[in-house]
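Two complexes come next, and they have one chain in common, subunit A, joined by subunit B in the first and subunit C in the second.
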Partner chain A sequence: MSDAARRDAQELLGCESCGLVSAAAVIDEPGLLQQCPRCGHVLRATKPFALQRTWACVLAAAVLYVPANALPVMVTTSAFQHDEHTLLGGIHELWLDGSWFLAAIVFIASIAVPMLKIGALGLLAWTVRHRPEWRRLERARLYRLVEAVGHWSMLDVYVVVLLAATVRFGPLASVGAGLGLLAFTAVVVLTMFATWSFDPRMIWRDAPANGRVA
Partner chain B sequence: MAESPDDPPPAPAPPPAAPVVAADLPQPRLIRARRWNVSLVWLVPAIALAIAASMLVRSVFLTGPRIEIEFKSAEGVEAGKTEVRYKEVIIGKVVAVSLRDDRERVVVVVQLDRSAARFAVEDTSFWVVRPRIGAAGVSGLGTLISGAYIGTDAGVSTKSRSEFVGLEAPPFVLRGEPGSIFVLKATDLGSLDFGSPVFHRRTPVGRVVGYTLDADRDELSVKIFVEAPYQKLVTTNTRFWNASGIDLTLNASGLSVNTQTLASVLAGGMAFDTPPGSAPAQPAPENTVFTLFDDRRTALAPADGVAVPVRMVFDQTVRGLTPGAAIDLLGVDIGRVRTVALQYDAKRKRFPVEVTAEIYPLRLGPVRSALLRDVGVPSDAAVLQELAAHGLRAQLRTGNLLTGQLYVALDFIPGPARTATIEEDGTVRMPTAPGTLSELQPQIAEIVGKVSKIPFDEIGRDLRTTLSRASAAIGQLTPDAQKALAEVQRTLARAQTTLDNLDRNVTDPSAPVQRNLEDTLIELQRTARALRVLADYLQQHPESLLRGKPADAPVPKR
Partner chain C sequence: MARCSRCDAVIGRSHRLTIGSVLALTVAAAAVYLIAVSAPLMTLTLRGPTESATVVEAILSAWRDGEPLVAVVAAATALVAPAAFVGLRLYVLFPLSLGSKPPGFAWCVRALRQAERWNMVEVFTIGVLLSLVRLAGLADASPGPGLFAMGALTVLFASIASAGLKHLWWSVQ
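Then we have the complex of A and B:
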């Protein structure tokens, strides 16, 4: 690959809105943005402040992950019993009841996936700055995976919200959402935000045209 | 997150011409970005941190102290499920159930709520609420469905404590419940149990809250709780008695059946009342000790005071005399028989029966003080001695002919003079008189003896010789008698004919004599009637003898 080609590749900007490719302008003054000459969309080589936003969301998600697991996500009240269920407690109960498969599903969806998402996003954000050349292709795949599984963690939230809405038998039985559910929802949403604000193009910065090399 | 505005393009740029070369590409327009603070994005984790911290802090503040309660068994107690409630309000939850190291008891770890931190004090009590069906009623039925929970009675101490020993049964008095606790010394528990009702005028006013049998002193004390405002009715004069079940007494006064309410018949109970005629007294303070009497009669009887032990020796059978039989002075019950025992009199080779009894001089009432004054010695035993010198004797009498129950009567019975002695331990040895039954016995024996002296054998023999002689005489008479009999027969036949004639002429209705007689009688009857009319008339109008018959009375006009 010639140096010119690489420079060209660096200096071309595709419009995300209308697909027009423009030549990047030389910006000598800070605070100037490039705009698509056809549709007016702001053109950027990478998403703005991608790393900062990703880091902020990942950290917030990590912080909220603690109350999401420590506090009850579901509060069931029957005529004689008032029960608060945490995520791990519910999985433990399922496991003890012999519903291993269900316990595994809930564990993967509610505990493992958010944790792995936080970890993966943290890894992606860290490597962009510190190990830019390390396994770009795998990182790109990891990003796609994270993006794909992201919303499945909302399963728990849906279950609790549906239960809370349907199980309303007055004094006999009722189900309510606990504070933990709020934190859990925030974790899932924040990880989705982090995924969205991360720009996979950052993985390929300064990469040779053939990604397999280097 | 600030985003630069996508302004509409001021003018459409000419489309780029193919082939694409970097130099031919259109140049993007440059616009000025809105200045914004980059660090704003870091507000997100900051806010998240604040929220998470507040959530955790809140939940930490919501959890109170963690306490350990020991129980005999963890039946129905489940970690993470079983609640701790006070007045049905949830104040905590069981978080772990484990065995104590020595495996004797169960340790239940309870996480109390923050608001219930004050429950972790010295005198709080805990117990497991399970469905209980007992004499006192049914409780904890709700736990059949919800499972057991741990009940609490809040303590008032300020000393905190984290290890408790749980009660095995719910306490029958909760702290702060208005009322008073009293202690009753009892000889026998009867059918009393936890929760047995306490009645006053057949109204339940309290319950038995516990009983302890002191193994060292062999003393039974029953704790009762009398609810407010009825605790005021318990005064220092109050007497308690066991009203359990049916009190069937068979004694010299016959059969008596005593019951309280049906509930107490089934479940046991006790009652209290103030003896009639007792002076009004102050309400008894909490924990006052009373005596629990066996029945209402003994409870409400006047105070017995100090008993005078009495010993009586009877020379007769005491069948029907049981411990507890009455000592009766002219119909007044003044004491009880304690023991009945055989003795052996080596000199006479007899078995006299020794009866010990207690006499309660207080039961004599005002008479006692008069007696004491009369004797001059302030001793009840001396009074008995004096009375015995004047002829007071103990005598066994039949109280009930049907059942043969005996009682000891003290009565003045004429007889040889004897004295009562006072033994060293103060026991009065009362002289006795043979009982009414035992008096009867020798008399009957005397009669029987006299009857047996009659020479029935000789009489029989004489009678037989007389009879045989008579039969021989009759045998000699026979031929003459036969002749005489034939004569008699003939005479009788003739008499028969005569009577037949008479019958025909006189008694036949058609006989002339009969007819005449009948006419005469009818005439006589008429005469008599006329005479009666005359006599009646004369009785009403005696003046007519002089004035003749008056004119008819005029018919009254309307």
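Then we have the complex of A and C:
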């Protein structure tokens, strides 16, 4: 592809909302934004402050991930005992009960998915700056994977909310949420925001305009 | 199915669902949604006393127990986003099926994108199932009609979402 053709290709902007492709306008006045002529959505070559916002959310999520795992997410009280359950503890109990399949599901949702999201988004944000040409296609796929599985980390939050709402038998048996749940919910929300603030188009910055590249 | 030649992302699919069939599915989803949020998800019996909870009750009890952030996030993902998913689609699709474009169409399509991002009905359904299993050892737990409605809603939402949002623009021109 010639340089001229590549330059032309980069001056097109796709609308995130309706999909219409428009020519990028020359904006000489700061503060003005180009809008999609069909749906009015703001058109940008990249999301604003994409890297800064991604890093901020990823780092905050990574910090909160420590109390989310160390503090109990659920507190159970019965006539005889008062138990505190952490995320890993709950999975261990399921495993000991013989529910290996469920233990695996909860492990994937509560441990693997948040770690994948924090690790993958950190890697994606770092490589944009420091290894822009490294495995672009795999990085694009990694981003789509993170986007697709992100929801599942809410699983344990729902379970604790449901258990706390139904197990209300006073001193006989009751379930409450622990501080760890608050931290874990924050981790889930922060990683969702991190995913949305990252712009996968940054992976392809200065890449050949067409054809697969390794 | 069309894929990006550079990054391999899916950029378009053939749409077997017409505006009319998506509207039909959305009306069904609206009815199922009302059952899903108002019927008990599960019932628990422990030596006599019985407890049951709907989605709304579960979220309210999290709020009262001093977990406002958890309650707000759960409400946004299991209650508000699904409601917006259904409500905004009904508002957009009824006029479209009659051949006119409703006021605020562009805003609605953008809001629908956000609703799809925040909607976690599928995760919530698995969460209810998981709670039932964890309760089975402690007390007599049985699934309620709300759980079945949640499961049906998950399937309906997946079929509705497969029709896509961007192609709504093709039908207004």
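To be clear about the criterion, the second predicted complex is superposed on the first by the 183 of 214 C-alpha atoms of A that agree within 3 Å, B and C clash if a C-alpha of one lies under 4 Å from a C-alpha of the other, contacts with A are read in each partner's own complex, and residues count from 1 in each chain.
Methods note: a residue touches a chain if its C-beta (ideal position, glycine included) is under 8 Å from a C-beta of that chain, and two chains touch if they have at least 3 such contacts.
Please read these numbers as outputs of a predicted model, since none were measured by experiment.
K.L.:
Touch check for A:123: first (subunit B), second (subunit C), both, or neither?
P.N.:
neither
K.L.:
Once chain A of both complexes is superposed, is A:39 in touch with subunit B (first), subunit C (second), both, or neither?
P.N.:
The answer is both, since A:39 touches subunit B and subunit C.
K.L.:
With both complexes superposed on chain A, which partner does A:53 reach: first (subunit B), second (subunit C), both or neither?
P.N.:
first
K.L.:
After lining up the shared chain so the two structures overlap, which partner does A:83 touch, if you call subunit B first and subunit C second: first, second, both or neither?
P.N.:
first
K.L.:
Per the contact definition in the header, classify A:27: touching subunit B only (first), subunit C only (second), both, or neither.
P.N.:
The first partner, subunit B, only.
K.L.:
Would you sort A:186 into first (subunit B), second (subunit C), both or neither based on which partner it touches?
P.N.:
In the superposition, A:186 touches subunit B and subunit C alike.
K.L.:
If we overlay the two complexes on their shared chain A, which of subunit B and subunit C does A:13 touch? Say first, second, both or neither.
P.N.:
first
K.L.:
Overlap of the subunit B and subunit C footprints on subunit A, residue-wise?
P.N.:
Looking at subunit A, the two contact sets intersect at 17, 20, 38-41, 186.
K.L.:
Could you pull out which subunit A residues touch subunit C in their complex?
P.N.:
Of all residues in subunit A, those touching subunit C are 17-20, 38-41, 94, 97, 99, 102, 105-106, 109, 136-137, 140-141, 144, 151-152, 154-169, 172-173, 176-177, 181-182, 185-186, 188-189, 192, 196, 200, 203-204, 207, 209-213.
K.L.:
State the interface residues of subunit C toward subunit A in the complex, per the touch definition above.
P.N.:
My answer: residues 5-9, 41-42, 44, 46-47, 49, 51-53, 57-59, 61-62, 65, 67, 69-71, 73-74, 77-78, 106, 109-110, 113, 117, 120, 122-124, 126-128, 130-131, 133-135, 137-139, 166, 169.
K.L.:
Which positions of subunit B touch subunit A when the two form their complex?
P.N.:
Those in contact with subunit A are residues 1, 4, 6-9, 12-13, 15-16, 20, 22-23, 25-33, 35, 38, 41-45, 47-49, 51-52, 55-56, 58-59, 80-81, 83, 90, 142-143, 145-147.
K.L.:
Sort out for me which residues of subunit A touch subunit B in the complex.
P.N.:
8, 11-13, 17, 20-25, 27, 31-43, 49, 52-53, 56-57, 59-61, 63-64, 66-67, 70-71, 78-83, 89, 179, 183, 186, 190
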